[in-house]
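Paired with chain B in one complex and with chain C in the other, chain A is shared by the two complexes that follow.
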Partner chain A sequence: MTRMIARFRDGSSFDLTLVALALAYLFVFAALPMLYTVVMSVQKIDMFTLGTLARPFVGLRNYAHVLAMPVAWRVATNTAIFVVLSVVLQLVIGLVLAIYFRQDFPGASTLRGLFLAGWVMPALVVGAIWRWLLAGDFGVVNFLLGSLGLIKGHIFWISDPHVALYSLIIANVWLGIPFNMLLLSVGLAAIPADVYEAASLDGASAIQRFLFVTLPMMRATLGAVLSLSIIFTMQQYDLVAALTQGGPSNASNVAQYWSWQLSFETYDIAGGSVVAVVMILVVILVAILYVRSTRLEQQA
Partner chain B sequence: MSRLKCLSAGLVCAVALGLTGAPRADAAHITLNVWTIDLESQYMFPLAKQFEALHPDITVHVKHVQFQDINNDLARASITGDVPDISYIDNPYIDLFGSRGLLLDLAPMIAQSKMIDLSKFYPGPLAAVKYGDKIYGIPRGANTLALYYNADKFKAAGLDPNKPPRTWAELYADAKTLTDPAKHVYGLAFSAVASEEGTFQFLPWIQMAGGDYNRLNTPNDVEALQFWQKLIDEKLASPDTLVRSQYDSTATFNAGDAAMAISGPWELPRMAKDAKFDYRVALLPTMTAGSAHVSALGEGDNVILAKSQHPKEAFELLEFLNSKMPSVWNDWGFLPVEQVTVDHPNWPADYALFLQALQTARVRGPSPHWADISQAIQTAVQAALTHQATAAQALATAQQSVDATVNQ
Partner chain C sequence: MKRSLLLGIGLVITGLYLFPLYWMYVSALKSSQDLFAYPPHFLPHHIVWTVGQVFVQHEMATYLTNSFLIAGGVTVICVVLGTGCARVLARYRNRWVDVALFAVLMTQVLPSSLMVMPLFVGFSEAGLLRTPRLAVILAQVAKVLPFYIVLTRASLSQIPAELELAAMVDGASRIGAFFRIILPLARNGILVTGILVFLQSFGEYVYARSMISQDDLQTATVGLSAFLGPNTSDWNGMMTYSAIYVTPILIVFVLLQRRIVSGLTAGALK
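This part shows the complex of A and B:
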């Protein structure tokens, strides 16, 4: 009996079992729902036919229908702005903070830890709090800006269609900075000190050290953080739901929220699936980048 | 051998039980499953307990479902067949379920009923459940919209607090007089939020202008939306009107930051506590002097699902609930949906006013595609108020969407 267990454990069957378990998990909890979404996106479907798979096949008609909606273009642009600005600002501010906390000053690591407080907050709560801060008539932000003499009158952060998307981005950047900072700190810590020492001895200035030592050696980390950040931003649904609900007049609507609206507000589940499938394609692209960059990291 | 003995003994035991009648009592005992949007202390929960006390052979199992989830949950339940016997459905969504045959037609049972008399029902609430000669539910109560105003602010601004605005022009003029940017006071608070609440608030204006959900783009309708535009553009109402719910908007009225507010009777308990001034209620202003007054019909209905195993007992519960109509105002803040005598109503003057408004309250729809229609209306309102489109363009687009939806 024990010999059988030992043979099982040492033999190739154990490896196969491990692979099979992981694959089974992925299949049930990731591949199946994803495939089901793809299937729903090419069927005629409403919430009363959810229970059966045998629904009329309509090919790409749902895609044509969704992409022809007047709001589709707006949502696509908003999503692009939301993702690009959020990710770039999170990365830049996160990197600055990571370098800042790498300086040796009293309490540096404790303070860095405290920065994580923002990250552990649920996005729904963050959204609700920013909604108060950014309220047009009686918000704290307007009051502060007004007291400092920076603005006259009020900025309607949530209800002004020219501003709402940027309010969303501000809140999302705030939420994402700690995560970026932490991962980048790890990357910074992995750079051997003697490289900097050698660079200094060669007469490299601080800026040169950053450009020609830090950045190249962080390439893999930056790639990983960037792709994870893009994925997190694209799935940032709760914050939108709590802060602007995509409004006013879709001015801050982004794909992930629109997909939910289609599926669960107007029961256009096929339409919601179409948006989800398009997003999956984008995320897969980003995931490929991520896998590639982690591979580079291992080689480095 | 011993095993066989045990088995046969068990069999004998089971048969004996069957004969003594204990299981038969179980068979006669009925459990009604009820879904409602109420919290534990509200309406359905305590009333179901009272009903159980009167009917020892019936257990009522009440489940709370979030208002925004109930349509989805009911639809999913009807796929799996695991539906409740009774559920709450919001007025405009009765048709969604009724048109698919998922609701029991109550008309035959009502005809036999000694407790429910449809001729006593007000036209608005009745229209919410009546489809041809079919009745798909019993309205459990109603609410509607009216204009709250701060009489103290009227006096301070030199307006007569006994003469609230009666036309749109008067509303505009009064709002303008009452607006005081220096003190951060807006003339009017209402809600144009992109949700069913926004539709609920806007539709009466379209209806007063002569239109409806399926007739949105007449010149009069455009004027209604332009009127809302003017209120926001001239900052007589806060730009946050676009993102605030009715409850949040009225909070600014209670705090003295708006001189008038459009909302419903559900605000009265909170207002009695929060509003430290003389507040009063008036009917919604009409488009012109003497033109039709229309208000919105809110609250929902209790329906029996077509797949219910116990329609008779479920209907008894509906009859019981309906018999509580004289106390729904004082107990739960609903307006009664039929002519009943209400003894000592809370806030008698406001009650009388809201009851008057209810007489011309119209149901949203009906249409089995209400969700799409409502969204088209919200989109038009938001597009016009943010000037992404003119009022005429926005309503023309909405009309197209509604036509496409209704004809699909």
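This part shows the complex of A and C:
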């Protein structure tokens, strides 16, 4: 017994305990629930069987049931548009801003830091603010676009089924820009200055330097930032709840919100679990790509 | 000359980006007529101070207290559970550490809105929903603990292992070296990461909304969502509520901005 205590105090057992505690917590409160979702997605669940674990097994019938819903394809397309457009816009704007604030002028790093104000705010509050900015009648965005001559009349950002999804994307891009910009600045800072000097001496123009020096040297960072933005965008629930609630009539619904709606609003827990399982698989696939690209970067 | 031009454009870009924040504060201070003026006034004509009224009417004291308790609980559990784990993962470099890190990263990416259903069912089976704020804390810790471990690991790996070894040569136990050498050196990193965890949990929404049914136990996010129905019209109340809610967050952010930036950049890509 005393030997065990001594080993705990001085040997590796102490280290092992520290790691095991945290991992055990994550196992109970993250891994187990995830497995439980998979289990629920192949069970018949109703109000009577909710309290027990032993529910009737129904195979893939829940999956067929969800795929047969007419909104399923709508939601799948919406999710794809939401993720792709958000991620591309965040990356492009983030990269432009990161390059701009790399330049040498007073206050550059302070200004860059101020962008993170968007990142520390609760996403639900950001959604509420955009709800007001994008309001159809009195919203300031409609006014600004109108006075620049870009639109005639008013766009009903939230209630028009053709644009509701895009107002979600606008708010989500705003929310994601700081993080993209910050990580890309780190990547830019890691490129040694003499590479640029050598390229300039060889007569490369600014555009050529960007295409043939910056982009290739940033490949690993771009990969990591891209996968992180995809993951964050697929986690975005609060903005949907604040702006459109998936409406009007699912025109702006995305999978991570739909899954919640199925489970908590229509009590179709099996259906909600099916959507969750599919989403979790996609997220984990992206996360594996992320880990691989950070590996590449460490080796480089 | 060129540098001040760059600064000028930089200020304009930052101003454009932060315009939504400005608009929130201005709208919170406007009178109703002012608010519905079209074209909108970019400066308020009459400042109407409704902060006290909104704060009392929407029971913000209760909501903010609940958010504060939940965020505080999450932060304490995270720091207690995560710091040691981060230290060990920073200190060794082998296959098992890689496996552990990979497992931690994988739990970080799971979306809360998908995890809430199994957690809800599991918690209700375990009777945890009778203490709903504790249930939210437990769920939210699983969400932010990986983030805490990854960032703290990055700041801890800057402390050389030799310091710990030297302390042990001088007769300290490993536990003693951890508490008396490593923790004091890592204090700043732990503080900043802890604050980030706190801020994230202070704005938590989906767990609170799904697991807490009693109104007097609800968080400030759920209180805000009362404004967000399909036919919103109380813009002034909504923006005042938002402003009261985020001002303390923004003050903390401005005070710690430099450290938050360096803490995030150190951890995010390693």
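Odds and ends about this structure:
Keep this in mind: the second predicted complex is superposed on the first by the 270 of 300 C-alpha atoms of A that agree within 3 Å, B and C clash if a C-alpha of one lies under 4 Å from a C-alpha of the other, contacts with A are read in each partner's own complex, and residues count from 1 in each chain.
Definition applied: contacts are C-beta pairs under 8 Å (C-beta built on N, C-alpha and C of every residue); 3 or more make two chains touch, one makes a residue touch a chain.
Keep in mind that what you see is a predicted model, and the values were worked out from it rather than measured.
Of the two partner chains placed by the overlay, only chain B lies in contact with A:47; chain C stays clear of it. Applying the stated contact rule after C-alpha superposition, one finds that A:281 touches neither chain B nor chain C. In the superposed model, A:14 makes contact with chain C only, not with chain B. Set against each other, chain B and chain C touch different numbers of residues in chain A, with C touching more. When the shared chain is aligned, chain C comes close enough to touch A:23, but chain B does not.
Applying the stated contact rule after C-alpha superposition, one finds that A:104 touches chain C and leaves chain B untouched. By the touch criterion stated above, A:156 is placed in contact with chain B alone, chain C being left untouched. With both structures placed on the common chain, the touch criterion links A:272 to chain C but leaves chain B unconnected. Look at A:245: by the touch rule set out above, it reaches both chain B and chain C.
In the overlay built on the shared chain, the residue A:206 is in contact with neither chain B nor chain C.
Residues 50-51, 135, 137-138, 245, 247, 264 of chain A touch chain B in one complex and chain C in the other. Those residues of chain C whose C-beta lies close enough to touch chain A in the complex are 3-4, 6-7, 9-11, 13-14, 17-18, 20-21, 23-24, 27, 35-40, 81-82, 84-85, 87-89, 91-92, 100, 102-107, 109-119, 121-122, 124-125, 138-139, 141-143, 145-146, 149, 168, 173-175, 178, 196, 199, 202-206, 209-210, 221, 224-225, 227-228, 230, 232, 235, 238-239, 242, 245-246, 249-250, 252-253, 257-258, 260-261, 264-265, 268-270. Residues 9-11, 14-16, 18-19, 21-23, 25-26, 29-34, 36-37, 40, 50-51, 53, 97, 100-101, 103-118, 120-133, 135, 137-138, 140, 143, 147, 174, 177, 182-183, 185-187, 221, 224, 228, 231, 234-235, 237-238, 241-242, 245, 247, 256-257, 259-260, 263-264, 269, 272-273, 275-276, 279-280, 283-284, 286-287, 290-291, 294, 297-298 of chain A are the ones touching chain C in the complex. Across the interface of their complex, chain B is touched by residues 47-52, 70-71, 135-138, 156, 158-161, 244-251, 264-268 of chain A. Those residues of chain B that touch chain A in the complex are listed here as 71-72, 75-76, 78-80, 100, 184, 193-195, 238-243, 252, 257, 371-372, 375, 379, 382-383, 385-386, 388, 397.
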